[in-house]
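Each in structure tokens, the structures are laid out below.
In the two assemblies presented below, chain A is common to both, partnered first by chain B and then by chain C.
Right, the complex of A and B next:
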């Protein structure tokens, strides 16, 4: 799981380099960068309050805790209890609130812009996330990650189509939440793409490292859920799911980033609402399939 | 009994009016504290013995009635007592700023009304129904009307108060019709008789009539429009108790109705559907408007509407679940709704208190004139942050626990195959509400407390007095307790839920007790983890250079405060989605895209409800028309009036002859 978190960014970078015909940066360059940041000092804006200092800790802390609930196929998660899928969604929301408030704390119009968009996209993607989870709960009859995926083994094969779609939904959610093309561009924080990156403009050193690490963890949470959904349909083992998580998200994000530009901002809302509608559709399809089977 | 009550009320009123200005608050505090202590002893007794009958009497209108404390009323008594004490403590500092402006009698009236409101709310939740219920209900309306009128020298306040009074009486009429109907059929107007009525007659009409009556108080869509008008007009502590507790009496009424349904599965199903749908609409409507508002108190008012929606979603899911034969879903929904009622009363009163602190320093509630208040009012800022996290339903605070319970109910609905579609609708609505509430409250907190100041008032503001802080700390402690130890907080809630549903709660409690245990553990782990990371960060930074400078402007060298993101721009994205729901009142002109070097602009926008006109305009116009028509008869000539009188007698005569009269 940790390995998944660490390598997704690497795979994305490699895919992009490969498709662009460049030699590209090293696979572990991003880890090296963060290591560097951890050893640096910091610059704080005089506008900010103590909240600005605590926010990265909350951001990382909440994401880490959410991370601990996610199983990788048959590998048990560290923590688990009945109802933890809701907790994970709300922990991610907590991390979002922390970073949005920190961005507003700087009093910069750029960061305000990023915060506003992040809050809006986060709000709109929430139903998609919940419906994706509800689809899984519908199939497996439980509401903790560990139970869902362990119960899922005895599942009827007819449902595997739906599971692939669930995986697709989660990959898109990862793109939205992780601030990737076509919703956001992680390479820039300026002008038209001010969303995720611009919120951390005033962070430096250790704080920035925390935010990066939290970003990896967040991506890996969605990636692993997506991979688990596929693993349920194909082969339920951690040695299948873990590399799959890295590959599907890494390669798909890399390919998408190389092949298309990011959306116009006004199109982003449509993009997100499409995925919400999609997840509703997936949920209904799953529901109908289950009904048919029972009849 | 009546005599003694009247005498006691008289003594309190005289005491408030006679004491010198500065001590009026303490008389009110002593009275409310005494009432609260009396209420709490009743609560303890009710939990021990089941029900406690305080007084039984006979009324000329509806027959035998009584004041009884059962488990449901004791939960509400608890909420009322806590909020009342916090409110009256808070009020001292808040009204101190008005000492010069108003006469002592004005304050006496205010405090009398406050005591009256608290007492009448308690009577409402203790009454067995019928006349005493309607009487207390009306008393509550009038007391809160007087409280809203505190700043009666402002036109907007008078208008809002009148609007409130009219709306409440429309609701009251529905209640009267409902109780009369009930009395006609069953011979008793008590809540207990509703059960018989439901067996004897078609139950839905009565349910809908009473639901509208209670819904008017609770602020259910589309009857919510009085809330965003009344709250900005009322003083903050009044908003706190009205929004935190008084609107919950509407929820209380709806719970009583649901309690009466008992085991009538078909009815339970229909009722659940109505409640769930109105909850979804109310919640979404409230939250979208909350996120759009640029006024602190209007935002909080809309957020109250949203929370009522969440409570109704919980109740609706509970009813649908019971109807489908799943006790588990029923208990989860019910416990979630009850706990959310408690939670909302806590954090909403805290938020309104914070708004009061801001208002008394800034003399405005317009968000876009604030900014950076956290530096000048640090304690208020921390307490408000606390309430913000709680109302956004984020772990580790209490809002999360109640929403988690409702979610668990709905997820169980999905996974067990009970009423999957309704559960899905509820999940979508609740998650969307949860997401947008984050926009609303990060906006509120960010624009008010963070960033750079947008007006000179900010620099002049200081922290408020300690008594107000202490008043805010009361709900804060309870929020923390429910958030960190939900497994203990749920016990009384589960008992109350069992009393409402009449079903055995042990299965459900066994089901979610371990979950809550884990939630508590997770809350502690979360806090520990954040602290650990923060300490780690400090360690890493300890021998590094920390520098301070202005916010990075991306190379732009002349940023100024006016360039900061405002509340309006923060919610601009949402506005593009929510446009069809609202009509905007725009003042001035926005900067056009074609202006490369913009001239000075003055721009103000207010997002208003489209539903407003549903109540506001058409019936005002209709009244005008009727009035005009009637006025034509008022000619001012005696001979005409005599003709009218004659015509009246002739009509009566003819009717008698024909045999209609």
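Right, the complex of A and C next:
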């Protein structure tokens, strides 16, 4: 799972470079960069308060804790209890709150706008996340990640279509949460159009490294859930799910970023709501299928 | 009573005594009527210090007859004040603001005489950039966003103050002047013409050829030396190469701003080919050193002509493929279509020029209306688009690249260098007591240089106008009621010069 977290960005960069006809940067360049930042001190703006300094730690801590609940196919997660899917969802929400508050704390008008956008999109994407998780829970009658995925292999193959759709929903959630094209563009230098990046403008050194690491972990959470959903339908082994997680997210994000423009900001809401609608549909279909089987 | 001296863009310098000195009231009344006709726009309007006070010169362009109208007046403005022309025709605003800033001339009923660029020789030294009078609106639900003057990218400094209702821009005000270097003063301080040429090339780095051509034209008109046809052909090739390179760069930059990697890298690659062609010609990728007064240090040879034709044909073919793809790329069209509208009526009011004006359906192209040099032989057919949005400005660029490539090919196909182009002449005596102006269509639009000589034939006053001076207001109008996140693509679709404005 750690390997997944570390590799996704590398695969995205590789795919982009390949499609642009460039040689591209080293596969592990992003890790090297963060290593460099970890060794550096941080510079703080005079207008910020303690809130601003705590936020990266909360952001990383919450994401890391959520990360521990996620199994990779037949590999058991580190932590697990009944109902932990709810906890994961709220840990992710907590991390978002921390970074949004920190952005507001700087008093910068850019960061204020970024925070407003992030909060809006976060609120909109949450139903999709919950319904995606609910679909999984519904299939197995469990509410912990470990149980869901260990039970899931006994499921009827009729459900595999639904599982693929769940995987799709999670890949898109990753694009939204990870701030990638078409919702956000991590490569842009334009403060006015940024969403996620703009909130981190005032961070430097070790804090920036925390935010980057937390971003990787967050991406890998969604990537692994998506891969698990597919693995349930195809082959339930960690050596299948882990590379799959890297590839489906890495390649799809890389291809999308190369071959299309990002949305107009006001269209993002439509984009996210489409995913919410889709996850609702997935939940409903899954529910109906389950009913049929039991009757 | 004769109000104007009538000349054109190909005539030699005008003797100052031939320019009528009129009463401001008469001129004002005439302009009030005349400028309502879209065929006229103001080329330059400035004041010069003389013994009696200030003498004002104005250059008007008539797009229909290719005539240029020159006039002057010496008002007793402390007694009367000057009625503001901006109040009637907003296209005068940068000129009146500049005159007010430099000499403290009051303009009655001017909407808002804000400083234009905080030049070093401004009259009121207590007015500084830090005290720029930004417009503000009171309101609980509004917020102000200040961008710059230091930007995150590698662009030049300029302060943008947005007043927003949520994500929607209500008003944008652009404060410039951070790039002020005193170019106009520098052009007069030293009469060494090689040095002046180098300064002219540096007025705006992206329009090196355009401004150098304008300077060379001014000097040649004063010296009474007309460039030969061969020299004019080479100058045209240089300026069209610059146009191609910059339009390619802007196509790529627009793709970058919407995160569209494919077209970004395609256009960057093509631009490299184009500017490397300039380098292979003259040793500078931006065409510096190609244009010199009364001659050239880098006359084209048969090999260089073959190289330019081959490269440009290649760029044209590959860019046309990109262009066709862009016109079909839905995610790109969704961003650019109907975004950043500047209707033709607004473009006319603010006196927009160049490629941005043509994208709003306003025909402002000196190559067609006031041809200079070899353009008199080219029947230039300006590209007009009527959608007035970002896509329209991009489409104008894309079509102009193809058109420029065709012009280069046509000009070079029948051109055989005969080695008759002389070396540059920096010493030719200039006409005394004369006014010389040049109008050149750079890739961004209308460039106007004006020089006044004294009794010894030295340049006593040099005035420069970059097209950006007119078009910055167009950008402010374009983003009104757009989302603030669409500002960058609007900005790129105009791609105006900061240093060309600030001088």
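Throughout what follows, the second predicted complex is superposed on the first by the 292 of 295 C-alpha atoms of A that agree within 3 Å, B and C clash if a C-alpha of one lies under 4 Å from a C-alpha of the other, contacts with A are read in each partner's own complex, and residues count from 1 in each chain.
Criterion: a contact is a pair of C-beta atoms (placed from the backbone, for glycine too) under 8 Å apart; a residue touches a chain by one contact, two chains touch by 3 or more.
Computed from a predicted model, the values in this text were never measured in an experiment.
A.B. asks: Based on the superposition on chain A, does the combination of chain B and chain C result in a clash or a fit?
C.D. replies: clash
A.B. asks: Which partner, once the models are overlaid, touches more of chain A's residues, chain C or chain B?
C.D. replies: Residues of chain A touched, chain B against chain C: more for B.
A.B. asks: For A:35, using the defined touch cut-off, is the partner it touches chain B, chain C, both, or neither? Pick first, second, both or neither.
C.D. replies: A:35 sits against neither chain B nor chain C.
A.B. asks: Look at A:280 in the shared chain and tell me whether it touches chain B only, chain C only, both, or neither; answer first, second, both or neither.
C.D. replies: First partner only, chain B.
A.B. asks: Does the superposition put A:93 against chain B (first), chain C (second), both, or neither?
C.D. replies: So A:93 only meets chain B here.
A.B. asks: State whether A:115 touches chain B only (first), chain C only (second), both chains, or neither.
C.D. replies: first
A.B. asks: Considering only touches as defined above, state whether A:60 meets chain B (first), chain C (second), both or neither.
C.D. replies: first
A.B. asks: Tell me which region of chain B runs into chain C after superposition, given the options 93-101, 381-389, 453-461 or 597-605.
C.D. replies: The superposed arrangement places chain B into chain C at 597-605.
A.B. asks: Need the overlap of the two footprints on chain A, from chain B and from chain C, as residue ranges.
C.D. replies: In chain A, positions 109-110, 112-113, 189-190, 266 sit in both the chain B and chain C interfaces.
A.B. asks: Chain A touches which residues of chain C in the complex?
C.D. replies: So the residues of chain C in touch with chain A come to 143-147, 152-153, 167, 255, 257-262, 265, 329, 331-332, 334-335, 339, 483-488.
A.B. asks: For chain A, which residues are in contact with chain C within the complex?
C.D. replies: Residues 16, 19-22, 109-110, 112-113, 181-182, 185, 187-193, 257-267 of chain A touch chain C in their complex.
A.B. asks: Within their complex, state which residues of chain A touch chain B.
C.D. replies: Where chain A meets chain B, its residues are 38-49, 51, 53-54, 56-58, 60-62, 64-65, 79, 81-87, 89-91, 93-94, 96-97, 100-101, 104-113, 115-117, 119-120, 122-127, 129-131, 133-134, 137-138, 140-143, 189-190, 201-202, 205-207, 210, 266, 269, 280, 283, 287, 290, 294.
A.B. asks: Of all residues in chain B, which touch chain A in the complex?
C.D. replies: The touching residues are 371-372, 374-375, 381, 385, 389, 392-395, 400, 403-404, 407-408, 411-412, 414-417, 420-421, 423-424, 427-428, 430-432, 434-436, 438-439, 442-443, 445-447, 450-452, 511-512, 514-515, 518-519, 522, 525-526, 529-534, 537, 540-541, 544-554, 559, 561, 563-565, 569-574, 576-577.
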